[in-house]
Amino acid sequence: MIAHVHHENINYLKASKGLKNWLVTVDHKRIGMMYLASILVFFVTGGTFAGLFRFELWSPLKNFLTPDQYNQFFTLHGVIMVFLVVVPGIPAALGNFILPIQIGAKDLAFPKLNLTSLYLYWIGAAIALYSIVAGHADQGWTMYAPYSLSRNPSVLWMMVAAFILGFSSILTGLNFIVTMHNMRAPGMTWYRMPLFLWAMYATGIMQIFATPVLAITLILLLMENFFGIGIFDPALGGDPLLMQHFFWFYSHPAVYIIVVPGFGITSEIIACFAKKDIFGYKFVAYSSVAIAIIGFVVWGHHMFVAGQSELADSIFSFLTFFTAVPSAIKVFNWTATLYKGSIDLKTPMLYALQFLFNFTIGGLTGIILAILSVDIHLHDTYFIVSHFHYVAMGSTMIAFIGGIHYWWPKMTGKMYNETVGRTAAILVFIGFNVTFFVQLIMGSQGSPRRYYHYQDQFQIYHQISTVGFVILAAGLFMALFNLIASFFNGSVAPKNPWGAKTLEWEEADSPPVLYNFKETPVVTHGPYAFETEKA
Amino acid sequence: MANATAGLPEHHVAHHFDTANQEFDSIKTGMWLFLASEIMMFGALFVGALIFLTLHPAAFREGANHLDWRLGAINTFFLLTSGLTMGLAVIAAQAGQQAKVRMNLVMSLFLASGFLVVKAYEYSLKIHHGTLPGRLWHGEGFHDPFVHVFYGFYFVMTGLHGLHVLIGMGLMIFALTRASKVQFSRSYFTPIEMVALYWALVDLVWVFLFPLLYLIG
Amino acid sequence: MDNSKTFWLPEKASTFVDTVDPAFDLYLWISIFFFGLIVILITVFTVKYLRRRPDQLATAQITHNLTLELSWTIIPLIIVMGLFFLGMKGYLHMRVAPSGYMQVNVKAQKWSWGFEYPSGAINDTLVVPVNTPVKLVMTSRDVLHSFYIAAFRTKADVIPNRYHALWFQATRTGIFPVQCTQYCGTNHSYMLTAVKVVEQEAYNEWLATASDPGKGKTPAEFGAILYQKRGCSACHSVDGSKAVGPSWKGLFGRQENCGAGGMIMVDEAYIRESMMVPTAKVVMGYQPVMPIFKGVLSEREIVALIEYIKTLK
Amino acid sequence: MSNHEYPGHAIPKPVIIGSYFTLLFLAAVMIGLSRLDVARFGIDWMDLHALKTCIIMSVALVMGIIVSMFLMGLRYENKLLNMTIFFSNFVFLFIFVLFTWVDTSFRGEVDPSFKEKINFTSPVKDEEPAAVQEGAAGAVIAAPAAEAKPAAAPASAAPAK
């Protein structure tokens, strides 16, 4: 292989000026940064909706929101967070930026398709925001029939938005899988790939095979709304449970699309900051793919009380327990990686350890829901709300913020302030656990979810949770401002500040040149080939 | 190269690929992944139809009886033949015969439009008989209370398939423009191959759609 | 047996408690063990192997250990299979009603529950005898709801146009809240009622009086009972305050503006029509969300309700 | 990899023409089979209609395999990647239809009253096809439970054992 010498050695931020160049770029790094900016904006929007009804729930009586406004806000919190923040989240922002560099390629396989995916995301986001003013959508992000069949214009616009965002997700997954198959640098075998890429590969499989079913569910829901074709609407002889089957066949793989990229980032950060090769590389890599496959066969556990046949309940419960095994493997392997390492508690490592803590609680509270008899009591209560927040917010978003801190020097060429970063990480940890651990107790005590007015005995839990929200919001904003501030007056970042062994740190500059490498790198060692201390 | 003297410019490999083979393999795997998401989309509709068939077989059979299988047979012939001409177009492109490529593409376009004409006629029959889904239903002489749901599935599935036929025809026109802009040869025939793959998918979906809706009655 | 509320679980009041609570507690201890193991290991490793010198390297690069890997694959698998059988055995016990149960029909509608007893009694709270299996055959009149009694550890969705059953057997008397746990609109969180568990004799007396609520009462008094029992109180107030629906105070004989339906005078015909086809003439400023009562209210009940409305000046 | 300088693989012309005619033939078989009136055989110990449906769908399956393996060139791929992508589609769809079917067809095992649908409206006019359809709601088709007093325990849901 002759090494291509690239004459464009200026970094991608200065390669071309002006908004127009940014909007029509096909450079995966710029698209990744634009995705990152949009996703953080929507994270703040979704968070404010959460904050509004968190304060409303301070007391069971009406504080400042009417029941309709409360219902509208929890719906918008759900839709924005799921479809606009956590599902695209890590793959679109960090995956787009880091994957080609970690693999040693100049760009993704289909750069123009990548830009199309970004524009589909923006169009879908615009329609989702328009649905706020187009009326009041209060059917929850799950859009169950027959409540979502009320031909409420705002609900219909929300469905169109989810439909478009689905295609943006498919195109990202397609780009990643093709790039990983065909464009690896010479010497980069499958087992020399960093685990972040294995997580992107597993996410790509789910994006390609699950999202089209969401597109069909939404088409059928729109047809049901406009023409009343009677597939889902019980009043016309349809079966609302069929809609739940279609919806959860996509939405359960979707929750694994949400959490698996978080695994990838955690593997990178823990290995790098413990200066130790990952324990059981093959087990961790294959457990990501195993979760992707098992994710397709368990969707029925969302419908144990919804009137599913007892046989289907038992089969789904049996299969759901198998998802516990890959997650357990991962958590044990990460913990074993710390053994005999040299652990440096910088900000990314704090977020990674937090991830381990939260994901253990999230995983354990998930497995109890697979026990049929206990799920009858716990279903649709705050226990479920707390479980999926421990996994979606406590694991994915915290790994996402950890990943942003970890790759910030590479992406912007600037170092963020370490002490402010660490305090923010601790604040986020305390705030998150105060907010959501009490909801576990409240849920098992029998407090249903999506309740505007609740029984008085649960007021103390809601108040603790709201206080926790304040701490969490403070921590998140501190981290956000710390990063933005470093963009302007941060110190110049060296090429490899953390001493990592993956391609993006060893070969590419910070920030990388337009085509990532001066000449195509040749890979000679694994992603975590750290040396050991000379005794 | 074959008749490079035809004066059409040669294709050059995109900058971020190293070799032509890598580019072709990437595009082909990318196409197959896109076709996979299309198959999952139609597959979900087939699952809905099969579940409806198991829940209300009588309604499904009664609805299917009222479909004219002859129109379905003509459409099957149109699609299979256009699949043939697309296959021949790929072979012609690999042999570098630009004129034969254009002729085959025009043949496929003609057959595809034939399919759409028959489909439009069939829809007008349905509108005339009033067998439209849901609220628009005002058909006579039907007994099963669920037969309108069959027509709900019928219109969603054939409508989505018809949309994909339209997209396929658009791609054929795009391939025609490419055929007059760049010289195809054994080392570069990607656009034709990809349009042929997409069209074969449209055939594949129709091969399953036709018996499920028309022949089970 | 102490039936009061524990740290994790609400008060105990049904036979299902012996199925759900032991499983919950067993799992609680399993998760405490694993969670504790992970947290202790992390803290120990982090403290022991903290990087003292900036260029300090790892003391050893252990990358895999097959016995360890297999053990933390097989052991969780065995534990979860045990949990599966535990869960399934309990679940089938909770789904299959024993013979000799007493059946009650439940009607869920947007934001109120209605209970109908085989003897014809109607009530807006569920009154059941203690220590007898009760089977609820539930259906909804508009959207999905879910019947949840936390104290009995049981829950089942209520699906429109279909019957869904749920059975329980109360073990002690008392009043236990019932909540709707499937999102159903504006007043989803106000869709509450209660299960009143009484001794068998008290139940028989109650049933006798409740079976024929109108007996020995003037139509207006019967109307007042129906106002509560039929869930009208969920949306219509009697003190003039505006709720989901117009207030019944001073309603009779009043002129109302129905927008498209034009100006109408509230008389017997209008009230009857509003019960049968509620969306026909909706008063301006109110949502057309009233459920259809055609086929639900008997002729005697309609007359009683109209008389009751007349008395509200 | 295929020969070094030529990307992809050329599907031989006879294969394409041969698969075309096979497909036409199989389509004819399918249509012929569907026109066959099974009542003529008078076999009652087996549901001939379901058998006919299965045969037709399996012929369609064979046609699908021919289209994918020969027309789409999966047979000539040297890397197994594209073929795994194609066939994993059907694995996921099979899982989807299997579990949804397990749910819908086994409902009401424990409680038979759960199977039937009550008081739903259908725009299809059954009894009086000629009558003009009045009102938007159409004929209200109630379950066997007496419509007059649905308050009474639905007949079908008598205390089932």
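Here the chain labels run A, B, C and D in written order, and each chain numbers its own residues starting at 1.
In the analysis below, a residue touches a chain if its C-beta (ideal position, glycine included) is under 8 Å from a C-beta of that chain, and two chains touch if they have at least 3 such contacts.
In this text the structure is predicted, and so the values were computed from the model without any measurement.
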Among all chain pairs, the one with the most C-beta contacts:
A-C
Compute the distance, rounded to whole Å, between the mean C-alpha positions of chain A and chain B.
35
What is the distance in Å between the mean C-alpha positions of chain A and chain C?
33
Centre distance in Å when chain B and chain D are each reduced to the mean of their C-alpha atoms
20
Multi-chain contact sites of chain B, meaning residues that touch two or more partners
25, 29, 33, 36, 40, 43-44, 51, 55, 134-135, 145-146, 148
Note: chain A residues in touch with at least two other chains are 181, 209, 213, 230, 234-237, 239, 241-242, 249, 307, 310
Spell out, as numbers or ranges, the residues of chain D touching 2 or more other chains.
81, 88-89, 92, 96, 100, 104-105, 110, 114, 117, 120, 122
Here the pairs of chains that touch are A-B, A-C, A-D, B-D, C-D
Of all residues in chain A, those that touch chain D in their complex:
181, 209, 213, 230, 234-237, 239, 241-242, 245, 249, 296-297, 299-300, 303, 307-312, 315-316
Which chain B residues qualify as touching chain D in the complex?
20-21, 23-25, 28-29, 32-33, 35-36, 39-40, 43-44, 46-47, 50-51, 54-55, 69, 73, 76-77, 80-81, 83-84, 87-88, 90-91, 94, 134-135, 137-148, 186-190, 193, 197, 200-201, 203-204, 207-208, 210-212, 214-217
Chain B partner, complex, touching residues on chain D are 1-2, 4-8, 10-11, 13, 16-17, 20, 23-24, 27, 30-31, 33-35, 53, 56-57, 59-60, 63-64, 67-68, 71-72, 79, 81-82, 85-86, 88-90, 92-93, 96-97, 100-101, 104-105, 120, 122-126, 129-130, 133, 136, 141
Over in the complex, which chain C residues touch chain A? Could you list them?
5, 7-10, 16, 19-20, 23-24, 27, 31, 34-35, 38-39, 41-42, 45-46, 49-51, 56-65, 68-69, 72-73, 76-77, 80-81, 83-84, 86-95, 142-144, 146, 148, 150-151, 153-157, 159-162, 164, 177, 179-190
Chain A contacts chain B in the complex at 1, 4, 105-107, 109-111, 113, 170, 173-175, 177-179, 181-183, 208-213, 215-217, 219-220, 223-224, 227-231, 236-239, 242, 246, 249, 515, 520
